[in-house]
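What follows is chain A paired twice: with chain B in the first complex and chain C in the second.
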Partner chain A sequence: MSALLEELRVLPHVVAYEWRKASAFRMGLVSRELLRGLGRPVVALFVYFAMFESSGARELGGYTFHQLIAYLVWTSVIFKCLTDEKSLDVAEQIFDGYITKYLVMPVGFFTLVLGRFVQLTGLQLIASFVFWCAGALLVPAYWPHPVSALALAQALLLVLLGAYCYLLVHFILSCLAFWLDVVWSLLNMFRFVASFASGLLVPIALMPGSVNEALSYFFPYWTVFAPAELLLGRMSGGDALRGLLVRGAWTVALQALAAITWRRGIARFAGAGA
Partner chain B sequence: MESVIECKQAGKTYRTLQRASGLVGFAKSFFKRRTKEHVALRGIDLSVRAGEMVGLIGENGAGKTTLVKCLTGIVPVTEGTATLLGRDCAALTSREKQRLSLVMGQRSQLWWDIPAIDSFRLLKEIYRVDGNVFDKRVREHAEQLGVGPRLETQLRQLSLGERMKMEIIGAFLHDPDVVFLDEPTIGLDLISQDTIRSFLRDINRERGATVVLTSHDMADIEATCERLVILHTGSLVFDGRLSDLQQRLVGRRAIDVHLEPGSRRWSSELQSEIEPFGAVLLRDAALSLSFEVPAGQSRAFIQRVFDLFAVHDLAIERQPLEHLVKEIFAHGMEQRS
Partner chain C sequence: MTTVLHYLRIARELARVGIVRKSQLQLEFWCQVIMDCMWYVSHVAVFEVLYAHVTDIAGWSRAEFRVMLGFLFVSDAFMMIWLSQMWRFGRDLKDGKLDPFRVRPASTLFIYGFQQFSLEGCTNMLFAFGYLVYAVRIALPEPSTLTWLLFAGCVLLSCWARFVTVTLFSVLELAFVGSDLSRFVTELLHSTSDRPLDVFGARIRALLIYVLPVGALTYVPASLLLGRYGWLEGVGCVAWLLAFGVAVTWGWSRAFRGYQSAMG
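Let's turn to the complex of A and B:
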C-alpha cells in the first residue's frame, strides 16, 4: 500500500516533467502535440463527400452527410486523446537498453510511463477542446454539439478509460521488445486493427449487424465509436453502462497481462553496457 | 566496518542465440534455434565495506558491467549469492534503491531536450530530497564540477564532459550510500577527467559514500581508488590494495629506447641477447623499443642495448601500472605472480 502511495506521490511530478519535455520546442509542441491526428479527418471528409456525391444517396447506413461529418468531428476529437506508438517510446528504450537507468530507481518504471500518459492525455484533451471551440466559431452551422451534458460526461468517461486500455496495449506490445526486434510493426498492426475496430475508418453502424455485435466485445468500440454515438444521441446511457462493464473487464485483463509481460521481460533483460 | 556489498561464489550465465552464417545457415537457424551458454561471471567472492572506493577493471568482455548489473539488481546472478546493503540484489526494495545510484558513461539518465536542472527536480521528488538540501547540493556540486552556469542549458547543447558532469550531479543528489560508476570518464578531455576524479575523491572523503568505479583508464583508478578488483574472462584474478599491486613494480623499470634511423631493428634472434638480464620486450614500434627489466639489471642491460642498437635517446621509468595490468589481462594473476 505504501509503495502505491509513493508511486502516486511521484506521479504529478513525472507529469510536470513530461510537460517540460513536451514543451521544450515550440514548433514540436504545435506539430507533434496540438496538430496531432488532424490530417485524417480532412481526408475522410473528401471520402465521405465522394461517397454521397457518387451514390446520390441522402443517407448511408442511417447517417445523413451532416451526421457523418458530426461523427467525423467527434471521432477526430476522441482519437487525439489516445496514446500511439510514437508517444511512449517504451519499445525503443527497452531495445536500446535505456531503461537500465530506471531499474535502479526507487519508483516503478510504469509510473514514469503513466506520467507520460497523463501528460499526453491532459494536453490532448485541452487541444481537443480548443479544436472543437475553433470549429464551433468558424462553422457554427455544421459543427456538432453534445446532445446533453450527461452524454458528454458518459462519453468522456468512456474515452478516458479507453485511452488507458490503449496505453496498456501499447505498453504490452512495447514490452515485447525484450524478446523481439519487430515491435514497431506489431504496434503498426495494432493501430490499423484498432482503427477499424474503433470505427475510426468507417462508422461501425455501417457494418453488418454481426460485425457490429462482435466488435462491441472489444474495447476500441467503446473508446471511439460508442462515445461518438453517445454525443450524437444515437446511443443511450444503458449502452454506456454495458460499455463500462466490457471496458472494466478489458482493463483488468490488460493490466494483469502488462504486469506479467513486464516481469517476464525484465527477467530476461540483459541491460545496457558492454 | 559494515559490509555493503557481499558476493559469495556469484556467477552469471547468459544463454545466447547462435546464428549460422550463409544462406543455408540462415535457413537452418530460422527453423531450428541453437543457443549457447555464455559464462559472464564465475565464482566471484567479493566484500566491500562502507566508505571504500573500489576500482573494477578488466578487458572488454571481462564481466565488469555484468557484475555492476548484478550488484544493482538489474540482472540476477545465476550461481551463488550477491547482496547489496544486506539484501539479495535481485530483490532490492525501494528502501535500498533509495540509497543506491548508478552512472553509466554511455547511457544518459537525463533528458536530452531539457535543461539538466529540470531532470534534477524530478530526481529530487523521486528520491525525496528536501528543497533546501537540493538547492545547496546542486549549487555545491555544480561549482565543484565547474558547470554552475550551464545548469539551465538544454542538455543537447552541452559538451560531452559537461553532460557527464551533470550525470554525476544527478547521481549524487540524494546522497547515496553506494554509487556505481561505469566508465564515467569515457571520451572526456584530460581536464574534465581530472575534475571528475577529484570530485569523486572529495565526495568519498566528505560523505563516506561507497564508490565502485569501472574504467578502462588506469589513471581513473590510480587517482581515486585504494582498492583494485581485476576481472579476467569472468573470474576475479586480483582483489587487493592498489599499493600492493604497485609494490610488485618497485623492483622493475620500464626502458624506452629511441633508435637512430638506419639502426638495427628488433628481431626474434635478439631475444637470447636480452633474456640473461631478465628483460621483457613490451613494445616494438618503428623507431622505438620498450623493455621491462629488473631494477638491479638495468645498468648492465642498458650497456647491452647500446651495443646492439644505434641509440638516439633513452628513458628509464618505474614500470607503469598499466603494463602490469595488461599482463594480468593477458595471462592471469597466477602466471604473473
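Let's turn to the complex of A and C:
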C-alpha cells in the first residue's frame, strides 16, 4: 500500500516531466498534440456531402447529414484523447538497449508510462474542449451538443477507459520488442484495425448488422463509436452499461497481459540492446 | 547518361544492402507485408461500405473508384520500397544525423531518401499492382494497347508524385526543426488523396493538384486513364507536374544548404 502511495506521489512529477518533453518544440506541440486528428473529419465531411448530393437521399444508414457532421465532430474529439503508436517509445528503448536506465529510477517503470498517458490525455481533453468551444461559437447551427449531461458522463467514462485500453495495447505491443526487436509494423497493424473497428473511418452503423454485432465485442467499438452515438442520443444508458462490462473485461485482461509481458520480457533482457 | 547510370548503380547497391538487412529480420518482413495488406483491406472496406449506400460519389462510380484506390496502393508501395526513410527525416534532422549524406557521391536527397530499400515493399507492390490491374479490367473491360501504355505512364506519374510530395513536405522540417510538420501535413493531405477530388470545389481541387500535388498520386492518373481528362488538359497537367517536381527537388537542395549538425 505504501509503495502504491509512493508511486502516486511521484506521478505528478512524471506528468510534469512529460509535459516539458512534449512542449520542448512549440511547433511540434501544435502539430503533434493540438491539431492531432483534425484533418480527417474535414475531408470526410466533403465525402459525405458529395454522397448526399449524388444520391439525393435525406438519410444514409439512418444518419441525416447533420447527424453525420455531429458524428465526425465527436469522433475527432474522442480520437484526440487516444494514445497512438508514437505515444510511447518503449520499443525504441528496448531495441537501443537504454531501457535499463529507467529501471534504476526511484519510480516504477509503468508509472513513467502512466505519467505519459496522464499528460497526453489531460492535454487532449483540454484541447478537445477548446476545439469544441471554438466550433460552437463559430458554427453554432451545425455544431453538436451532448443530448444530456448523463450521456456526456457515460461517454466520458467510456472514452477514458477506452484510452487506457489503447495505452495497454500499445504498451504490450511495444514490450514484444524484447523478443521481436522491431515492432512498429505490429503497432501500425493495430492502428489500422482499431481505426476501422472503432468507427473512426466510417460509422459502424453504416456497416452490415453482423459486422456491427461482431465489433461490439471489442473495446475500440466502445471507445469511439459508442461514445459518439451516446452523445448523439442514438444509444441508450443500457448500451453504455454493456459497454462498461465489455470494457471492464478487456481492461482486466489487458492489464494482466501487460504485467506478464513486461515481467517476462525484462527477465530475458540483456541490456546491451538487440 | 553517365549520371543516370551512376545513380542506377547506387540504387542497385542500396537494394542489395536492403535485401541483406531484411534477411536479419525475417519475422519483421512478414509483419510488414501483413501490415500493408491490412491497410489495403481497411481502405477497400471503407469505400465498399460507402458504396453500399450510394451508386456514385461526386460522379465516381464504384468501378472508377477502385482504379483510384489501386493508384493509391501502388504509389504507397513505391514509397515503402524506396522512400521509407523520408518518414524519419524530421527526427534525423533534429538529431543531426545527416552529415554523412552530404559527403557521399550523389545528391543528398537521393542518397538519404532512397537508402532504405524494402523487400517487403516489393511484395506489397505485387498485391497493389494486382488490385490496380483488376480494377482497370473492370472499369475498362476491353483495354487497347494504347490504354496499357497510358496505364504504364499513369503508374510512373503516381510514383513520381509520391516522390515530389514527400520531398515537398520534408522542406517544412528544414524550416521548422523538431516540428513533425512534414508528417502532419503528409497525413492531413494524403487523407484527401484516397477520395475523388471532385468532392471539393474547383479551387481546392486545383490547389491539391497543382500546388500541393497530392491529387497527382491518385486522382490525376485515374482521371487520365479513365478518360475524364481531355488530351490537351492531360498533357498540360503532366508537364506541369514534371516541371513542378524538378523545381521541388531543386528547392529542397537549396533549403538543405542551411543544414547544420545538431540543428535541434
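Here is the rule we go by: the second predicted complex is superposed on the first by the 269 of 274 C-alpha atoms of A that agree within 3 Å, B and C clash if a C-alpha of one lies under 4 Å from a C-alpha of the other, contacts with A are read in each partner's own complex, and residues count from 1 in each chain.
Just so we're on the same page, a residue touches a chain if its C-beta (ideal position, glycine included) is under 8 Å from a C-beta of that chain, and two chains touch if they have at least 3 such contacts.
No experiment lies behind these values; they were computed from the predicted model shown.
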Clash or fit (per the criteria above) of chain B with chain C on chain A: fit
Which of chain B and chain C A:M207 touches, first, second, both or neither: second
Touched partner set for A:G233, first chain B, second chain C, both or neither: neither
Touched partner set for A:G61, first chain B, second chain C, both or neither: second
Touched partner set for A:V182, first chain B, second chain C, both or neither: second
Touching partner for A:G248 - first (chain B), second (chain C), both, neither: neither
Comparing the two partners chain B and chain C, which touches a greater set of residues in chain A: C
First, second, both or neither for A:G39, with chain B first and chain C second: second
Following superposition on chain A: angle at chain A, chain B versus chain C, Cα, nearest 10°: 80
Touched partner set for A:A24, first chain B, second chain C, both or neither: both
Nearest Cα pair across chain B and chain C, whole Å: 6
Overlap of the chain B and chain C footprints on chain A, listed as residue numbers: 24-25
Of all residues in chain C, those that touch chain A in their complex: 25, 27-28, 31-32, 34-35, 38-39, 42, 45-46, 49-50, 52-59, 176-181, 183-184, 187-189, 191-192, 195-196, 198-200, 264
Chain B partner contacts - residues on chain A that touch it in the complex: 3, 6, 9-10, 13-14, 16-17, 20-21, 24-25, 97-98, 100-101, 103-107, 267, 269-274
Chain A to chain C touching residues, read off their complex: 24-25, 27-28, 30-32, 35, 39-40, 43, 46-47, 49-51, 53-55, 57, 60-61, 180-182, 185-186, 188-189, 192-193, 195-196, 201-202, 206-208
Chain A contact footprint on chain B (complex, rising order): 14, 60-61, 64-66, 68-69, 72-76, 94-95, 97-98, 100-102, 104, 106-109, 111, 113-114, 118-119, 121-122, 125-127, 154, 182
